[in-house]
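Going in written order, the chains are labelled A, B, C and D, and every chain counts its residues from 1.
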Amino acid sequence: MARFVMEFERPLAELEEKLIALKALDIATTPELAAEIADLEREVERLRVTLYSALSPWEKVQVSRHPERPKTDDYVRGLFDDVVELRGDRAHADDQSMFTALATLAGRRVMVIGHNKGHSTKENVARNFGSPHPEGFRKAERAMRLAGRFGLPVVTFLDTAGASPGLEDEERGQAWAIARCLETLAGLPVPVVVAGIGEGGSGGALAIGFGDRMLMLEHSYYSVISPEMCAVILHKDAARAPESAAALSLTAADLLRLGIIDEVVPEPLGGAHREPDTVIAEVGLRIAAALDALAGDDRADLVERRYQRLRAIGVYNEAG
Amino acid sequence: MARFVMEFERPLAELEEKLIALKALDIATTPELAAEIADLEREVERLRVTLYSALSPWEKVQVSRHPERPKTDDYVRGLFDDVVELRGDRAHADDQSMFTALATLAGRRVMVIGHNKGHSTKENVARNFGSPHPEGFRKAERAMRLAGRFGLPVVTFLDTAGASPGLEDEERGQAWAIARCLETLAGLPVPVVVAGIGEGGSGGALAIGFGDRMLMLEHSYYSVISPEMCAVILHKDAARAPESAAALSLTAADLLRLGIIDEVVPEPLGGAHREPDTVIAEVGLRIAAALDALAGDDRADLVERRYQRLRAIGVYNEAG
Amino acid sequence: MPINDWFKQREGRRYTVSGQGCAEPATDGVPDGVWRSCPQCKGTLYQGDVARCLSVCPHCGHHFELIARDRIEALVDPGTFAEIDGALTSADPLRFSAGKPYGTSLERACQTTGMTDAALTGRAALGGHPVVVGALDFRFVGASMGSVVGERIARAFDLARDERRGVVLLVASGGARMQEGMLSLMQMAKTSAAAGRLAGAGLPYVSVLVNPTYGGVTASFAVLSDVIFAEPGAMIGFAGPRLVEQTIRRSLPKGFQSAASLVEHGMIDDVVPRVELRRRVSTVLDYLMPAHASGADAASGTQGGEL
Amino acid sequence: MPINDWFKQREGRRYTVSGQGCAEPATDGVPDGVWRSCPQCKGTLYQGDVARCLSVCPHCGHHFELIARDRIEALVDPGTFAEIDGALTSADPLRFSAGKPYGTSLERACQTTGMTDAALTGRAALGGHPVVVGALDFRFVGASMGSVVGERIARAFDLARDERRGVVLLVASGGARMQEGMLSLMQMAKTSAAAGRLAGAGLPYVSVLVNPTYGGVTASFAVLSDVIFAEPGAMIGFAGPRLVEQTIRRSLPKGFQSAASLVEHGMIDDVVPRVELRRRVSTVLDYLMPAHASGADAASGTQGGEL
């Protein structure tokens, strides 16, 4: 399968194709070819570094949406043992866009909750492209409550463009389902570790997207609104999304600076999909460290500290 | 509107019609008519007493289903002030077959929860003839939890043929919704007073149908299964419901004897629909007395005592 | 009261909560004043009549928009509202300049509304119950929730918890305030957490959703109340109707996201005309306020002498 | 374990819980024995092969009915099951004689099953965890819940709460036992209350629904568990399919009330083949059992010396 090419990668992809074409020629008949290939190889390498080492916010958004980027279930498969998936909201449906499971990370028993995009079109349809319906949030809330009752730390993986905005999603109380997740997560008497691994779209991400330790992959994003929709609102033109992406301060680096997240997990040149195993292992290490750091804390303290952390978020002036 | 005539009332209804016809004749032209009318009036009165003072279980079931029998909302209208109806399960729909409201009984603030049959065909369609869908039980559970959180005693009115047995009711988890009601009601840290006012059909009635003080109108019933369905299972013949009704021990008197309920509220000759105001007032008096008796109790004691009450229900042998 | 005495006294009482009604419109002897037209019945109305009816059309019942302060004054016991946290003002933490600069929007909103941000909160009494009350004003940047709105709402819940008050919020909003980026989104978590702590303290919270209530505000504190009412005609949802229409690629059913349809879908308790609101909310508080929290000095705080 | 060491050790581990598998069917050298035919694949099976696979067809995976004791023995740690409350027997409190006299049904059920009523309960260890385990046997009056079943289930929960054990129930039932009238119906409330108290004590409860589970048992303790599994092919619901069909006056969709459709409708966590059940439930208990409750002496009770 040819690698999916993001818009901003095209110049590089063209050079790479040219290089492949050159290499296919008969070097015996064209002796000057060797030098040409060497030149082009240097050129490709230079462009690769240039392109990827200073991704713009909009480019990062594209990387975060890369179809080959590791998904929640790749992390689960790569990191956890003794996985018991829990399914269903006990009222309407099992929403496969939200994954919930009892799982063990190197001996640490936790509850995993994550938005779950698919690896194929078929999987994506079944999982609504990772955009939960109300029953997905109710399933997540059920998992949270179970974790809270049995003292299991919660590990969440964020990877959604946002909550599903369909007619029936509205009719079944999308807002109500998200709000209940927020209230439940805030009051959970167990450690909560959040890992942003791809898209972090608005309320649908936030529903499982805050806690006691928050980490994000370097090229993942977390935003109040999608850059495209922001551009439509501001300029009536979705094509101006790159501007909006920059204005929204949605990158991991931005959010670290704003004090909303705690750490940025670096990605290999080109993005997590270039070396998924390395990235998955690194995220596993960071989550394990966060769990260990939070393990000894008193539960009431934990909830109070989480509340104070939330209360401290916001920038305003207070006169007099 | 002509009074609805129950099957077993027909002989009486025929005599009454005959009496009306006689009275319409010209007494001047037929002097012997006066004596005939007086005779018939005595006959009607004797039959009335005979018929109604020893109703069979199956006849009581018919009285309990009488379309003019006072419904939950008649009790609410007749007994309570400052009624604030609460609606909806916050997930799917507002089920009008289940009525929930904050309400005040002669100064006593309570949560009212009741199956709600309609007074007309239109109302009955809107209320599914008093048979709740899963969302009705979830609405009741929400009302219970609210009452529990704010220390409001719960008063329930039972009047349902049973939970709705439709395809979508099954798909939305009818059993799950009922079970959660049972668990919630059992653990509620407030007094629970139950009034059986009409039909008490199976799990759909039980979901709001047990508590700390249970009273039933004389001709209401409460049963593990409808007499008709029982007859179909036993004899493949719904027409043998009268036998089943007798076998099932489903009358208020039976249940008082079995220790399942605490008191039987007498009905006027012919049934509650003959003098609804009297019956409603009497039920109000009994509920108020029960609330007052339970008002001072410690909440943990209340829950423990309710559990012990449930644990004591059941008849079995224990050898050795 | 012995129940038998009460039965005797009962004569003539109403079983359900009724409204206070509004004065008859003055159709003759028209004084000089402002006239406005009703978008629902197309009638031409004397502004004075509309105002006397809490900005409800006396002919058809259409609910005109109300500014936050008027909403609060119409709801709470007269003269008991005392604003808190008025000194908070929005910063521009992201220097958000895509489109119209955020600073400019804020300045204009302050000038046109006389408010310091979209939420107005304060202590008050309601039916004699001590409450913290708040209202969002759609004129102020679409009543969107940024840091100041989030902070005022969270402080409202915290204050109520500290002083054993109920909370009553009149909510309108376009959603989270995108000009403050993730700082805005996190206000959803902050306000939801605060609402949860109030609930944990056994204190009641009633919300009233007015037209329009959408996005991150609906999906957070607005619906975490014990009882949810809505004004007639209010449109309420998470995703806006245009986005939903684009998603499903067909036109929306009639009444979609209307207050009345939300009652049918089980999401809110009732649609309450503005003129009945005070009575209804006050009755709810009669039930849900802990007995020891309510008293004659409902409007005064326990901290310092501030009203 | 330091996570880096663990990463190294990880090679070759499976990410999800796998089954124990069952022995290969003995197709050659047929010894004398009983043959049975599979209703699903129509194959003719050697009884010994079926038994070796926990009464699952080795060809198509069809799950044959299992008697309660065999279900329990197949689930718990070998040799740890010790029955409790075996001395309870059903009375005939209503002298129920419509149709076949209840007393006669009970007698026959006792004779054919060797059980004293439809529920079998006891202490056991499961994956080393102390549990109270129970199973309902459909052969005994359709595994209906009367006073004895209700009492055994309630005592199972109470015992688990007293001794800090988890509860695992293998549920099948036709519903409440109508021959005991309201005494039966009230067992729904009793068992639900008992399940709620176990939950309140922070102890886990796992239920496994097998074919068929209906009526008052589904609508009470069976689904009040923290995790709900079902056997492949199990039919589960409140109202029976015939009643539903009569109600809606059209034929039922394919798979209606099947275990697989209940997963899709969000009602149960998973369909688990019998051969994987022990491993799966034991793993759930690894997560949910309070650390101090599990130990080596899982099978022994704390009250007296009774196992």
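Throughout what follows, contacts are C-beta pairs under 8 Å (C-beta built on N, C-alpha and C of every residue); 3 or more make two chains touch, one makes a residue touch a chain.
Computed from a prediction, not measured in an experiment: that's the story for all the values here.
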Pair of chains joined by more contacts [C-beta pairs], A-D or B-D: B-D
Using mean Cα positions as chain centres, tell me which chain lies farthest from chain B. A
Measure off the straight-line distance from the CA centroid of chain A to the CA centroid of chain C, and report it in whole Å. 35
If you average the CA atoms of chain A and of chain D, how far apart do the two points sit, in angstrom? 40
Need the CA-centroid distance for the pair chain A / chain B, whole Å please. 55
What positions in chain C touch 2 or more of the other chains? 199, 223, 265-267
Chain A: positions in contact with at least two other chains: 90-92, 172-173, 176
Here the pairs of chains that touch are A-B, A-C, A-D, B-C, B-D
Which bits of chain A are touching chain C when the two form their complex? 163-167, 169-176, 178-180, 182-187, 202-203, 206, 210, 222-225, 229-231, 233-235, 240, 243-244, 246-250, 254-255, 258, 260, 306-307, 310-311, 313-320
Show me the residue ranges of chain D that touch chain A in the complex, using the header's touch definition. 1, 3-4, 6-7, 13, 15-17, 199, 202, 204, 223, 226-227, 263-270, 280, 283-284, 286-288, 290
Provide the residue numbers of chain B that touch chain A in the complex, in ascending order. 90-92, 134, 138, 172-173, 176-177
Sort out for me which residues of chain A touch chain D in the complex. 76-78, 80-95, 102, 105-107, 109, 135, 139, 146, 149-152, 281, 284-285, 288-289
Considering only the defined contacts, which chain D positions touch chain B in the complex? 87-91, 93-94, 96-100, 146-148, 150-151, 154, 176-178, 180-190, 192-197, 199-200, 215-216, 218-224, 237-239, 243-244, 247-248, 252-253, 256-257, 265-267
